[in-house]
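Chain IDs A, B, C and D follow the sequence of writing; residue 1 opens each chain.
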Amino acid sequence: MTQTKPPPKLDTVAMEAFLEKEFPQVFGAGKTFHVEAVEHRFARMRCRYDPRQLRPGGTISGPTMMTLADTGLYVAILASIGPVALAVTTNLSINFLRKPDQKDLLAECRIIKLGKRLAVGEVAIWSEGEPDELVAHATGTYSIPPER
Amino acid sequence: MTQTKPPPKLDTVAMEAFLEKEFPQVFGAGKTFHVEAVEHRFARMRCRYDPRQLRPGGTISGPTMMTLADTGLYVAILASIGPVALAVTTNLSINFLRKPDQKDLLAECRIIKLGKRLAVGEVAIWSEGEPDELVAHATGTYSIPPER
Amino acid sequence: MTQTKPPPKLDTVAMEAFLEKEFPQVFGAGKTFHVEAVEHRFARMRCRYDPRQLRPGGTISGPTMMTLADTGLYVAILASIGPVALAVTTNLSINFLRKPDQKDLLAECRIIKLGKRLAVGEVAIWSEGEPDELVAHATGTYSIPPER
Amino acid sequence: MTQTKPPPKLDTVAMEAFLEKEFPQVFGAGKTFHVEAVEHRFARMRCRYDPRQLRPGGTISGPTMMTLADTGLYVAILASIGPVALAVTTNLSINFLRKPDQKDLLAECRIIKLGKRLAVGEVAIWSEGEPDELVAHATGTYSIPPER
């Protein structure tokens, strides 16, 4: 990106406060998902390793990774357009690439289109310390409601 | 389908017992997901309405529907090839079509390809009583490990 | 579907005339793609077997099947909302399930959501005479412009 | 990527010669698609602007972009594993993000998983001179046949 980026509409602390209030099950006490960094059109998320999410064979469950991808793209959109808008997921497509380690997962979420009605983003997910071999890759599409 | 279908390798009761043992978080006590019917290459699932899964605005969360789709396709594959094989999701793509009602969700899961290495299926999800207007539609791809 | 369906806004003959005029490369002289039937929210298409589309190994090319799926969903949308609107594909996702035979391909295209701004559909593709084993399955999302 | 990359198994000239021989319709005389650069797990492709591919409204057709994405990922896989293997597309999912200009399209194709049986890649497509605003983004999955 060679264009100058505007600052995020919510910083990391404000974003986590917003999410805790709006999504207490996902971001409340003992929460699994954390916002590590936000920028305009970008979010980096962490999913804490939690043995309760393990599937047979010791792997982190697919639905946990889907939730990480979906939540991270939602955070990246809020960072870009602010907390007022209620973006809704219209499509999520995820490829599971290899079995994650028994470690935290990190996710980098980038908005590749930020239109007035539609946002599209992609997510790369890896086990902490191994950014060269992705565990999963997702793309998501979000509908943005018209401003009132 | 005009071909004669073989019976499922696990019936509904055996399937639920298998899932309870292997996936206690998803199918254990107070479980949300239920197997209603299985056939060769088919499963019908129910997701009980649970206010704790609600998002702001009163809708059932996207990750809950993704879990329903993924779990249902896994059940339809087990019904077709038996409980020994450990199928792994390689892709899940879901379109969210409209806001679900505050009711149970039903899902019909069909395996459209059942190969030796790869199975592909599709899922239609609707709010109970409204089968004409889908809430979500998903497709999933599963890798089947070689037999020992 | 238990609801009464409205008639299509264009019948098969009118649809082919419209397509020939608007998409001469795809539906013009010596055309490969044909509209076999249209209904509200539905189209059945035929792709004539043409050895020039073959890949090494004698299979019909993936891009030919993607074009068939995309064109068929577009036809099913036009059949539902009429030829005025200029629907634009926003996502197409296709699973290739097995190698097609050296025969015509048939495609059934169903619109599973027909909203004011967004339409979503699915497509089943098979080699003529073998409807039980799909060759490919696709889903597509289309943006519908606001009426003037 | 911090790992040292092996050289590509085919350089750009050898790749174009291979493609011309194997896919004369796509890479033959008057061809639209060109290989600009190959590396291990990477290809950059060019799609020449050709008014015959235009849709109503002056845009490059969706199927042309799908073909560019699919071909580019195939080239990136061949660059990584050599020309012997016959990789087959099993899934292609493409998001169309904005209307392309009446210019050449460029595509960067990266293999994000290169397994023994399965390769997965992603593709970013933009109009020449405008890399900051993607025209389309695709992901593809390829089945790699066992070595003989």
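Just so we're on the same page, a residue touches a chain if its C-beta (ideal position, glycine included) is under 8 Å from a C-beta of that chain, and two chains touch if they have at least 3 such contacts.
If you want to know which protein each chain is, UniProt gives these names: A, B, C, D = Phenylacetic acid degradation protein.
Values in this document were obtained by computation on a predicted structure and should not be read as measured data.
**Q** Could you quickly compare A-C and A-B and let me know which has more C-beta contacts?
**A** The greater number of contacts lies at A-B.
**Q** Of the pairs C-D, B-D or B-C, which one shares over half of its contact pairs with A-D?
**A** Comparing residue numbers across C-D, B-D or B-C, the repeat of A-D turns out to be B-C.
**Q** How big is the gap, in whole Å, between where the Cα atoms of chain B centre and where those of chain C centre?
**A** 28
**Q** Could you state the distance in Å from the CA-based centre of chain A to that of chain C?
**A** Measuring from centre to centre gives 34 Å for this pair.
**Q** How many Å are there between the centre of chain A and the centre of chain B, using C-alpha atoms for each centre?
**A** About 24 Å separates the centre of chain A from that of chain B.
**Q** Using the touch rule from the top of the page, what residues of chain C touch 2 or more other chains?
**A** 90-91, 93, 95, 141 - these are the residues of chain C that touch more than one other chain.
**Q** Which of the residues in chain B end up touching chain A in this complex?
**A** That would be residues 22-23, 25, 52-53, 55-57, 62-63, 66-67, 70, 86, 88-96 of chain B.
**Q** Can you name the residues of chain A that touch chain C in the complex?
**A** That would be residues 90-91, 93, 117-118, 141, 143 of chain A.
**Q** If we count contacts the way the header does, which residues on chain D are in touch with chain A in the complex?
**A** Spelled out, the residues of chain D in touch with chain A are 1-3, 93, 95, 97-98, 112-113, 115, 120, 122, 124, 132-134, 137, 139, 141.
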